[in-house]
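A, B, C and D are the chain letters, set down in written order, and residue numbers restart from 1 in every chain.
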Amino acid sequence: MQEMMEKRALELLADGTVNRVLGWSVGEFPYDMTPAVFRSAEDLKDRFVYNDFCGANLSKYLIKESKGEGKILVFLKPCDTYSFNQLIAEHRIKRENVYVIGIECYGKADVEKLKAMGLSGITGIQMKNGEYVVETVYGNKTVKASDATAERCLSCKSKKHVVFDELIGEDGDVVEDCNRFDMVEKLEAMTPDERFAFWRGELSRCIRCNACRNVCPACSCEQCVFDNPNSGVAQKAAVNSFEENMFHIIRAFHVAGRCTDCGECSRVCPQHIPLHLLNRKFIKDMNEFYGEYQAGADPDARPPLGTYTKGDREPNEGGNK
Amino acid sequence: MEETLIPYAGIVTKITGQTPDVKTFRVEAPEGGKLFEHKPGQCAMLSVPGVSEAMISITSSPTNKEYMEFSVKKCGCLSGWLHGMDEGQMITVRGPYGRPFPVDDELAGKNLVFVAGGIGLAPLRSVINYVRDNRDKYGRVDIIYGSRSKDDLVYYDEIVSEWMNTPDFHVHLTIDREQEGWDGHVGFVPNYIEEVGLNPINTCALMCGPPIMIKFSLPNLLKVGFDKTQIYTTMELRMKCGIGKCGRCNIGNKYVCKDGPVFRFDQLDELPGEY
Amino acid sequence: MPVTEYKPKIVAFCCNWCSYAGADGAGSARLSYPAEVKVIRVPCSCRVNPMFILRAFQRGADGVIIAGCHPGDCHYTSGNYFTRRRMTLLFSMLDYLGIERERTRVEWISAAEGAKFSKTMNEFCATVAALGENKRLEDLRCKK
Amino acid sequence: MKKLSLAKLYDFFAAIAAKEALYLPVNNEVGKAEYKRWSEGVELSHQLNTLRSAKDFFFPQTENLMEFKMEGKKIDIIDTREACDDFVIFGVRACDAASFDILDRVYLVDPVDSYYKNRREHGTVITHACGKPAETCFCGTFGIDAADPKGDITVWDVEDGYVFRANTEKGEKLMAATADLFEDTDDKAVKAEQDKVREILAKMPLADLTTEGVGAGLTKEVFDRPEWASLSESCLGCGTCTFVCPTCQCYDIRDFDTGHGIQRFRCWDSCMYSDFTKMSAGQPRPTQLERFRQRFMHKLVYFPDNNDGVFGCVGCGRCLSRCPISMNIVKVMKTLAKGGNK
């Protein structure tokens, strides 16, 4: 895969179709790739990498990059194309300045899962035949690749690219029975007390680092309300439970109907808070109340919060048990 | 010394409008007198709880034993609030912070040139009045001060009635554009520096004003013979703690609130160009 | 010792064109509603940002109610339709977080419905009083 | 050196907790270690390190400084500081223990930060030597020995128990108070454990990381390096690295209107945030490049400049595993070391 991507990127750079390539550059370890813009063939050959640990959604960088000089090549996984499409719909990306290569994806790996197995001192990971041979200073261990699949990929909603200029690999389909609302349903089935206890436990760990917001492709405001000194909520305090509740409820609300469920928020949370469960609740509610809607699937569709019907359900009716 | 970040409460006993957007606030302790002593060029953290806190230079001279004064230009959150309040209001003050102008060391016995633009005269006024009150310790004094218009010259009355009448004080005022009722010099401060005829020998220059003025004034001071070791300026950056800990005003290995705000230009050369 | 009755604090966001007048109507008809209800006038129920509701709870409210024009009667044509969707989602989210859903409410009250205004506020107050103090969306700093 | 048998570890915890608060790393609901207060039944985590650093104990994320009561034109200032009770932190790793020295160099130099000093004086630090370092560890780069951490007391895991060594008066006192739990021992078992760990450390991928190209006196050279542009390019400007960092010490001071007064508090802030240096008059660091550069310049050049060459990083590796885009100080250092004479 990496070879094919690199080859195609070199071709497009050489023939002048694009002048930059947005991809991933090598890390210190086999699993810590950094998104990077490559401007020359030498740079690509030197640093470009793609493997199972390249999980970052590159579409957010295009808000800035697509406004630069010339066309940029970007590699998007199926779920990333939804974010890209949504940003197109919101006029945040200049489509004509981006050349999208869709890349097939069968789920990304999460190094935290390997570490949770007790693997430490990782010096190399050989990936082949659905297995990872993890080399560590404490000895090697072979694990099934599926055991290291990132949580968000286990409930992948779509392997279909909703937008691309060309594809490398196969295009897939929307996954009908992705079970992504299982945990939301489980929570809904709990008593309010249990739900409260669950969320208090999770949200109380928040350190207000803003990683979830800054990585989120839907959080593309020029100035976030939480950064606006005149908003009255620009407090950086992580105290007293209220601040975290406020931040996460409002953040989820602000991206409701625009969140494509890419899962970046939960991936980047340094405190491992399952933030996607907040977004998925909104998605599930909107699906149930206002009809199936997938943000990013169709840039021309009316978002649920941007429209209404006369017979909408009443707020007091309630949704959970 | 221990620092608690806890301020004093002071009463604003007098508010004087200097220009359309600059007011001078006289602050006294509730029991009368000054809240604390300071040296020329030092700053204090002014605050209205619930509004904001900001570092403001103390514009009154330490020789003033009755009160402190702060001149504030209306441009932000706190300054806007201060401009809207009435006399008798309490505000909180903590300080003094920063290193002062070396009035008793390097500047003692020297001729002095003050170069200021707009509200930049505020920190220098503390030095100027200190010099006036210790007149025999310093030589000739030249003050080059410019502003956008006559109305934007701060302390205009004081300049005319007191500074201009101090022995061996030479005040050179200028405004950016021609204006009715103004028969003085018209032009920008940097150019005026070359015109007034300064003698750099045994002289130190103290400069404060908008970045653009500093940028063009420095080469002109050098052109008329000053060395960077003879020129001082005072800097401004966002500050929160005032004691070199919160990290905000860090430039290179210096903290503007603690190691500044007064810097000599040869010292600034050692810092990264980030201000 | 007399037991002081617990009085909840209620914030009512009322649309200028209907419910706010409805409150007036309740007054002129000498229909009472609890003094604990603090009315905040808004130009339209859809002016109410979810953040307003959260901040009301932060500042000590025990219940928040939004009163707007009946669907179809919005002074601005469609404002209350958007209110309906937003609040449906917000209330569902609060519920999802384990915050009592009876603490939040949306009612459609026209300018002519003084009686409904009074009845709604009395009922809502009683409901919230039964729940007791807001403990799940409180900000301890704001408690005395 | 004193030895505590495996079975007596929790007796030791109980003995301390009977007198003062004891905090130690505990696995939380998602299986990650974080510091929690010990009480009967709470188990010590066996993970290498906590998600958040230990700096919270002395420099909490949010703390109240004072309160104001405003009445008409009058302001009353209320000092809300309370006396701090003694407390013990158990299980601090060598890197975090070293970070306290770095924080001390900021907060305990004149003028002393009294809030910090108060807590520092009341806290006793029991460090725990690392047994199984991770690939993200590079404390050795900064001269920190994971096998011999500092702190008031140092604890090593040995085959059949724990070996304790008091390093300070505070530590001596604590051990004396629990003396009946301990037996005398020599340093043989500890030496063996240290040799083992040092051998592992030498094999780690970052064992050869050096501070070449950075350090005191290099402000101009490093500041003007062209590589900052590409290094900072994908930085999202979040505060994760600064908030998980044991040595990041910047803070903000803000006011909160409680409805019955104004609370002035301080909270962690991050030089990575766009509003960190923003003034009404302008923004000296307008893009992420300047902000990103500031963080690393501060740790790798400015801090050593002011502190006899001591770096503002302890190599705990938290930013390596927590950065959303895997950009970190190691990548910066390696890039700066490459072709440093450009």
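In this text, contacts are C-beta pairs under 8 Å (C-beta built on N, C-alpha and C of every residue); 3 or more make two chains touch, one makes a residue touch a chain.
Not measured: the values here are computed from a predicted model.
Q: Starting at subunit B, how many touch steps does it take at minimum to reach subunit D?
A: When the steps are counted carefully, the minimum from subunit B to subunit D is 1.
Q: More contacting C-beta pairs: C-D or A-D?
A: Here the pair linked by more C-beta pairs in contact is A-D.
Q: Round to the nearest whole Å and give the separation of the Cα centres of subunit B and subunit C.
A: 53
Q: Report, in whole Å, the distance between the mean C-alpha point of subunit A and the mean C-alpha point of subunit D.
A: A distance of 30 Å separates the two centres.
Q: Taking each chain's centre as the mean of its CA atoms, how far is subunit C from subunit D in angstrom?
A: Taking the mean C-alpha position of each chain, the two centres sit 46 Å apart.
Q: Between subunit A and subunit C, tell me the centre distance in angstrom, where each centre is the average of that chain's C-alpha atoms.
A: From the centre of subunit A to the centre of subunit C is 37 Å.
Q: Residue numbers in subunit B touching 2 or more other chains?
A: 77
Q: Mark out which residues of subunit D touch at least two other chains, giving numbers and ranges.
A: 252, 256, 269, in rising order.
Q: List, in ascending order, every residue of subunit C touching at least 2 other chains.
A: Expected reply: 141.
Q: Where on subunit A is subunit D touching in the complex?
A: 27-29, 32-37, 56, 61, 116, 120-123, 136-138, 201-202, 205, 207-211, 213-215, 227, 229, 235-239, 264, 267-268, 270-272
Q: Which part of subunit D faces subunit A closely enough to touch in the complex?
A: It is residues 28-32, 34, 48, 51-52, 61-62, 132-136, 200, 203-206, 230, 233-234, 236-240, 242-244, 252, 254, 256, 265, 267-270, 273-275, 320, 322, 324-328, 330-331, 334 of subunit D that touch subunit A.
Q: Within their complex, state which residues of subunit C touch subunit A.
A: Of all residues in subunit C, those touching subunit A are 50-51, 54-55, 58, 71-72, 78, 81-82, 84-101, 104-107, 136-141.
Q: Which stretch or stretches of subunit C touch subunit D in the complex?
A: 59-60, 141-142, 144
Q: Name, in rising order, each residue of subunit B that touches subunit D in their complex.
A: Touch list, subunit B to subunit D: 1-9, 49-53, 75-77, 79, 86, 88-92, 236-238, 240-241, 243, 245-250, 252-253, 270-272, 274-275.
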